[in-house]
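Each structure below appears as structure tokens.
Presented sequentially are two complexes of chain A, the first with chain B as partner and the second with chain C.
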Partner chain A sequence: MKTKNTSRQDTEGSALLAALLVVMTVGALSATAIQMQVSSLRQQETANDRKRAFYLAEAGLSEALLSLRDGGLGQVGTKAMPAGFGEGYVFTSAVEDAYGNFIVHSTGIAPRARHRLGLSIERQVLSPGSLGFFGDEALTVGGGTQLSYVDSVRADEKLDRESLAGAVVGLVIPGATPTEEYNGTVYPENVGPRFGGNGTIDVENVGSGAYTNLQADVVRGPAAVLDIQLGATVSGATAAQAEAVVMPKLNWPAFALLGSVNLTTGISEALTTTENHYPNVTVSGGAVLRIVGPFRASMDTLTIATGATLEIDSSAGPVELHVSDSVNFAGGSSVTNVTLDAGGLHLLVHGDDSVAPAVQLRMTGTFHGVLYAPLAAVALPRGLAWTGSAVARTLDIPRDSTLIFDSAVISEVAAQIFYIPISWNLLAAPKDIANPMAYNPEATYAGLGITAATPAIAWQPVEQVIKYEGHDEKEYVYRGVTGGIDVDLVATTLETINAIDPRFIDEAEPDGVFVQR
Partner chain B sequence: MPTPPDLTRRALCAALALLGPVAVAEPARPCVAQFAPAIVALEGVEELLRSDLDRSALSRALSALGEAALPELFRAFSERAPDLTAGDRGALAGALRSHSRERVLALLADQVEASPQRRSSALELLTEWSTPSEVELLFDLAGTAERPDARVLEHFERAVAGLHAERSEAWLALSRATLRAPLLVQDRALRAVRPTRAPHTAKFLDALLNGPDLLAQGALRAIGDLWASDPHLIQDDHLARVAERLERPSVPQCGAALVALGQAQDTTAAARMIELLESDTPSLTRDALWALRASTQMQIDATPALWRHWHKSSLAWWEQRSKTALEDLESGEPARIEPALREIAAQRLQRRELALRVSRVLEQAPVRVAVLCCATLSQLRCSIAIPSLLMSIEDPVSQVRAAACATLQSLTGLDLGPDAPARDWRDALSAADLH
Partner chain C sequence: MLRVRHSRLASGRLKSGRLKSGRPKSGFSLVELMIGLSLVTVLLVNTTVLLNSTTAATTSSQEQLDLDNLASQLLDRIALALMEADKEITLPQNVAPQHSNLINYQSSMGLTDGDVVYSDPSRIEFQLMDSEVIWTRNAGSPEAQDVVWGRFVREFLFEETGGNLADDNDNGLIDEAGLSFNIDGSSVLIRLTLEKETRRNGPITAQAWTRATFRN
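Let's look at the complex of A and B:
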């Protein structure tokens, strides 16, 4: 019995120990499981945040693209004050390369993750003048017409424009080839001498003297029917484009209303006050209306009577005339351009021919400029030497015309600008941003007691322009808020223009707002 | 007061006019012809033209005057053209043409040295020509002046357009005469022939390639249009001759050849086209890129290295795989045809030939293979397959009809709906100038 009792005493507490061990094991297992669960949860949250940051960065790219298309800079928020979006933040920075393309970096910020994406955006400028001599629905080139080319923009081919006055036949620059780049802007197509349309293009072969000679490319849509009569020479490419040729959309400017201008015989008057609307501008025989650029105006009608003169002086800047209803240059009238600069006059006719012909041209002498009448039927005057470009719904070029396409017509005046995304890529977020402990916009906003602006109202103004060389040894331009530039991108700063810089002020509007390009 | 000749003339004409159709009926003709010289001498033609006869009666009355009146009829037809109504001119023309063709041609040949007005009228009458000598006469009447009269050119073009010759000698004569003609006459000949789509047209245009630079340019443009509208007129020897133009120093001729080859969707000259991508002449670069894209239906940019890579790999396929793939395609065994079709669909070199081979299989294939053939043709994007697809549109099996319809839509850009019959497709294709 004793033994039995002793044995019992020996085993007393063993069950407790076992139970304790079991409890401890279960506890340890539970703790591990909980820890694993928490860890898994954290990992899941981090993964979600990574995705969130990625999507935020994508949203930033979209907002930056929208900003550029709306005339902004592609800068949404800043590193210090990012825009709030969803359950995170986003900011973008945009720089422009030497070709006018934009490179946008967008950083998405979620609580536990940051993501940065890059997007290259091509800036395409569709200039009314770039279409050359163009009839959207129909173009007829009369026999004997001579179309040549001058590139007065390029410094190495600067011409004495005096030589362009009058009927200059065969003014073809040897070796002159179309260039892609003008004033740092890439245009959607190679810009050179060109004529064409999207409908019928008829090139007659012979006029009263010479055979037709068009030193130009044909620009035509896929449905265009090109008929070149034998004997007519077209020196350039004739293949059709894959898509119809796009004509830039005209926007009617909202200018302050002034009275009509009616000049009678013997009176000369100069218009210099820019950005006004004149309902009717009429110049009677013997009178001279002088318009001094830079000048922009809109009008309902523009009438230059027989013996009257419209004189354009674009030596200080271009003249841009928007006409809603009709342009009538009577026989014996003249339109002179004292600078002989084809880019100095843009005559933009918004009207169509539904009530009366929107464009009637019977003036004499020479014309230097761009005529853009996308809804009107236009017949160029007979015997007039035309330097620049003429674009219309239908364009009729009379026999024996002398046309000179001047690259000076390629400009951003009345141009339609497209921002086309080219490619995007994943980028590593800089270390100072990648670490949530070091960079926490939420804490910043909480400390300031404000909420972050939404992306749509976080577009940034220009306070500073910095030209710099990147690590790829290419030049870039930053436009945005002071201190907003991503210093990691900059190898060498070439030039900095601040808001208080006099050059900056020169470019400013009267109210001090910097004019965005 | 009327003079005796007036009275005679009026009397004769009145008699003719009064009797009208009866007077010029066959039994009466010898009788009328007997009086014809007198009538003509008495300005009877003028009198008849002033009469109230309707067109057919006038025509018969004038015809009844016989061959003796031919010169006078032609004089009236030519010189009184501005004063006459269209009906009267038509009656004169009818009367002139009612005589033997030899006599009329002799009359017209007499006009070769005449005034532009007479030559123009002669050309107006010279219709439905068909022999080499008539071709020569056409060009003789057009003249050799560098700047022919506008009316002469206009009627010359119409006369050439009135071609009714099926015999190749006439076309050969037309080519030879065109090559010798002044530039503006060449232009009109080319313009007149261009709308016709016949094997002879292609031969005529082909012959013109041997002409001077400007003529060759025009011929190349016309050839391109012809091939684009009817790929069945494309022949390998013509393609080769057009491709030869890519070596010519004339930039416009080279450009026109590129456009023509692109319109033919032909890639046999792809290597040269790729070389031209690096041309110093920007217009040639642009035309070459367009031609390559049109021929291959690939939207690669103007980087020559990329095109070379494609060309090299495509040539390798043709050298190493094409024989087997084409044998499988034509084996008649669906198990071999299906993989062959998948392989062929990926090819872009010599699409036209591949599309033609697939089209032939389509015409006799079982349902599943026929559907796959349509899908392959859609990927090959070559309009030479259109006739076979039009046949498949009438297939009794709905899946084949649907596949053929979808392929036609993708090739032509036309959407006539899923149940449009072949007749509607033919009309729509004809309207869109796709044959």
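Let's look at the complex of A and C:
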């Protein structure tokens, strides 16, 4: 029994040895396989993070563009407090160059990768007056009409406005090259004389003696049908555009309600308090309503009776009148502009003709200004010299009209501003951001115990304006939160205006919101 | 066996300096030893086979993974470069079934004095001789600079026989190279096949494709 026991004792453990060998081998193999899988998984995750960071940066650019189009600054989140989006973070910075273009940098932050993209955005201003004499659905130009061109702003450089009054015809520059340099100033391309539409455009040939002579380009959409009768002259380009001509949207201003204005015979009154709503403005025969700019107002109806005068004084700033229902300038009434500045009066008619004609024009004399009635049918009064522009759903220009397109009408009054991306490019993320160990918003937010704001609510307010010179020796302007500027972009700070600076307040709206260009 | 000897020492039978005569009562018989050795041999052989096959599978899988990653990275690099390109000045403008194994483009570099500035003319090209993807700045000029972006590009795209004027792989293209570009309006379809000779498994291939939209 003893021997038997000893033998069993001697062989005990040999199976364990073999089992251990097998287990260790399998374990080593498994560890190697797991290690390789982990390594491959990490590679895959890093590759995914790179793509995630790229798309986060793209999302940031879109949000910045949306912000600009919505009147914001293009700043979404900050480096210190980026916006949370998906499984990462994003922040953008936007600066404006000397040409009014915005340069946006967007940084996408994923756990293992960062990506930075750049987008340059052009700011285009579509002014109601820029369309010249335009009928969206139909334009009829009566025979004998003379359409010419003046740039009263440029003319100002030679003559003051008083002398311009009697010499306007002499200053007409038929077929002027819009980009020509004058007195060292290169004028933009979009100031040339123009008329057109997106529907039918009929140009009749002869009025009471003279043949139609339109010293202008035709601006027309692809569906527009242009019919120029034999004998009529159109000096500019007549080719159709690839897309329909866009008419700026009109936004109804929310002004404080004030009482109606009703001027009876012999009374003269001046309106100077800006940004009010007058339900009905009526000027009876013999009365004079004087409106002094800068002035903005809205009204339901504007009626100037026979013998009454609406006098515009835009010497200190433009006059902008929004009318919701109807404009009625009766025969024998007059609408005068003491400055003769066509850019000084913008008459913006929001109404259509569903109840009654929204625009009735029978005044006499001259008119200097912009009439913009995108939903109404408009017939210009016969025998009136019209300087500026007139844009309507349908526009009827009577025979023997004298029209002068004044490029001074191109302004930001009631203009629709477009932000057009013109350059997208890849950028390297700065070293401090590129290193996930040095820059980790997730840890920052975890430390603060808060959640990152979504991009839509991470739009930054303006607290500071910094004018600076970049490394390319060009000047830029930053508008945003204090300390939000990307210091890597700045070579030399030229000027800093903080919220407490009086100059900052000067540029602010009454509610204290800084005016964003 | 060590355990057995140790057991003997521990038992104290050798302490007196002499062995006990007669057949030892412990240890393995020859038959036991043979059976044991056979079992161990079988175990070792199986383990070796298992190891070899596992290593081979792992290596093969790793090589495939590496090639897949290489294809993906190369494709991403090409796609990112072309996203910056201006679609108006990207050539050749090939719509399927036309295709090209090179693309000429210029990238937007942002604005200077209000105007968009473009990079020097660049080219991404598949060079058959070295099976490489070459990026060239100022292609065709004396200042041309070449950079190898990737290797192992297959002569023809995956499942494309080539040289038979037929669409073998049913992708709408005929005899397309291992790197092919189709420009379709504002985007470019990039197809890529890499092929690499491996020691154990012969040639392995990786294929990838993506569509990059020109941002400029």
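The rule we apply is simple: the second predicted complex is superposed on the first by the 426 of 517 C-alpha atoms of A that agree within 3 Å, B and C clash if a C-alpha of one lies under 4 Å from a C-alpha of the other, contacts with A are read in each partner's own complex, and residues count from 1 in each chain.
Everything that follows uses one rule, which is that a residue touches a chain if its C-beta (ideal position, glycine included) is under 8 Å from a C-beta of that chain, and two chains touch if they have at least 3 such contacts.
Fair warning: this is a prediction, and the values are worked out from it, not measured in the lab.
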{"item": "Which superposed partner A:Ala240 touches (first chain B, second chain C, both, neither)", "value": "first"}
{"item": "First (chain B), second (chain C), both or neither touched by A:Leu41", "value": "neither"}
{"item": "Touching partner for A:Ser120 - first (chain B), second (chain C), both, neither", "value": "second"}
{"item": "Which superposed partner A:Lys474 touches (first chain B, second chain C, both, neither)", "value": "second"}
{"item": "Which superposed partner A:Ala491 touches (first chain B, second chain C, both, neither)", "value": "neither"}
{"item": "Touched partner set for A:Asn205, first chain B, second chain C, both or neither", "value": "first"}
{"item": "Partner chain(s) touched by A:Leu29 [first = chain B, second = chain C, both, neither]", "value": "second"}
{"item": "Comparison of chain B and chain C by chain A residues contacted", "value": "C"}
{"item": "Residues of chain A touching chain B in the complex", "value": "177-178, 190, 192, 205-206, 217, 226, 228-231, 233-240, 242"}
{"item": "Contacting residues of chain C [partner chain A, same complex]", "value": "3-4, 7, 25-28, 36, 39-40, 43, 47, 50-51, 54, 58, 62, 65, 69, 72-73, 76, 80, 83-84, 107-114, 116, 215-216"}
{"item": "List of chain A residues in touch with chain C within their complex", "value": "3, 6-7, 9-14, 18, 21-22, 25, 29, 32-33, 36, 40, 43, 47, 50-51, 54, 97-99, 101, 103, 118, 120, 421-426, 472, 474"}
{"item": "Chain A partner contacts - residues on chain B that touch it in the complex", "value": "147, 183-184, 186-187, 190-191, 214-215, 217-218, 221, 251-252, 255-256, 258-259, 262, 282-284, 286-287, 290-291, 293-294, 299"}
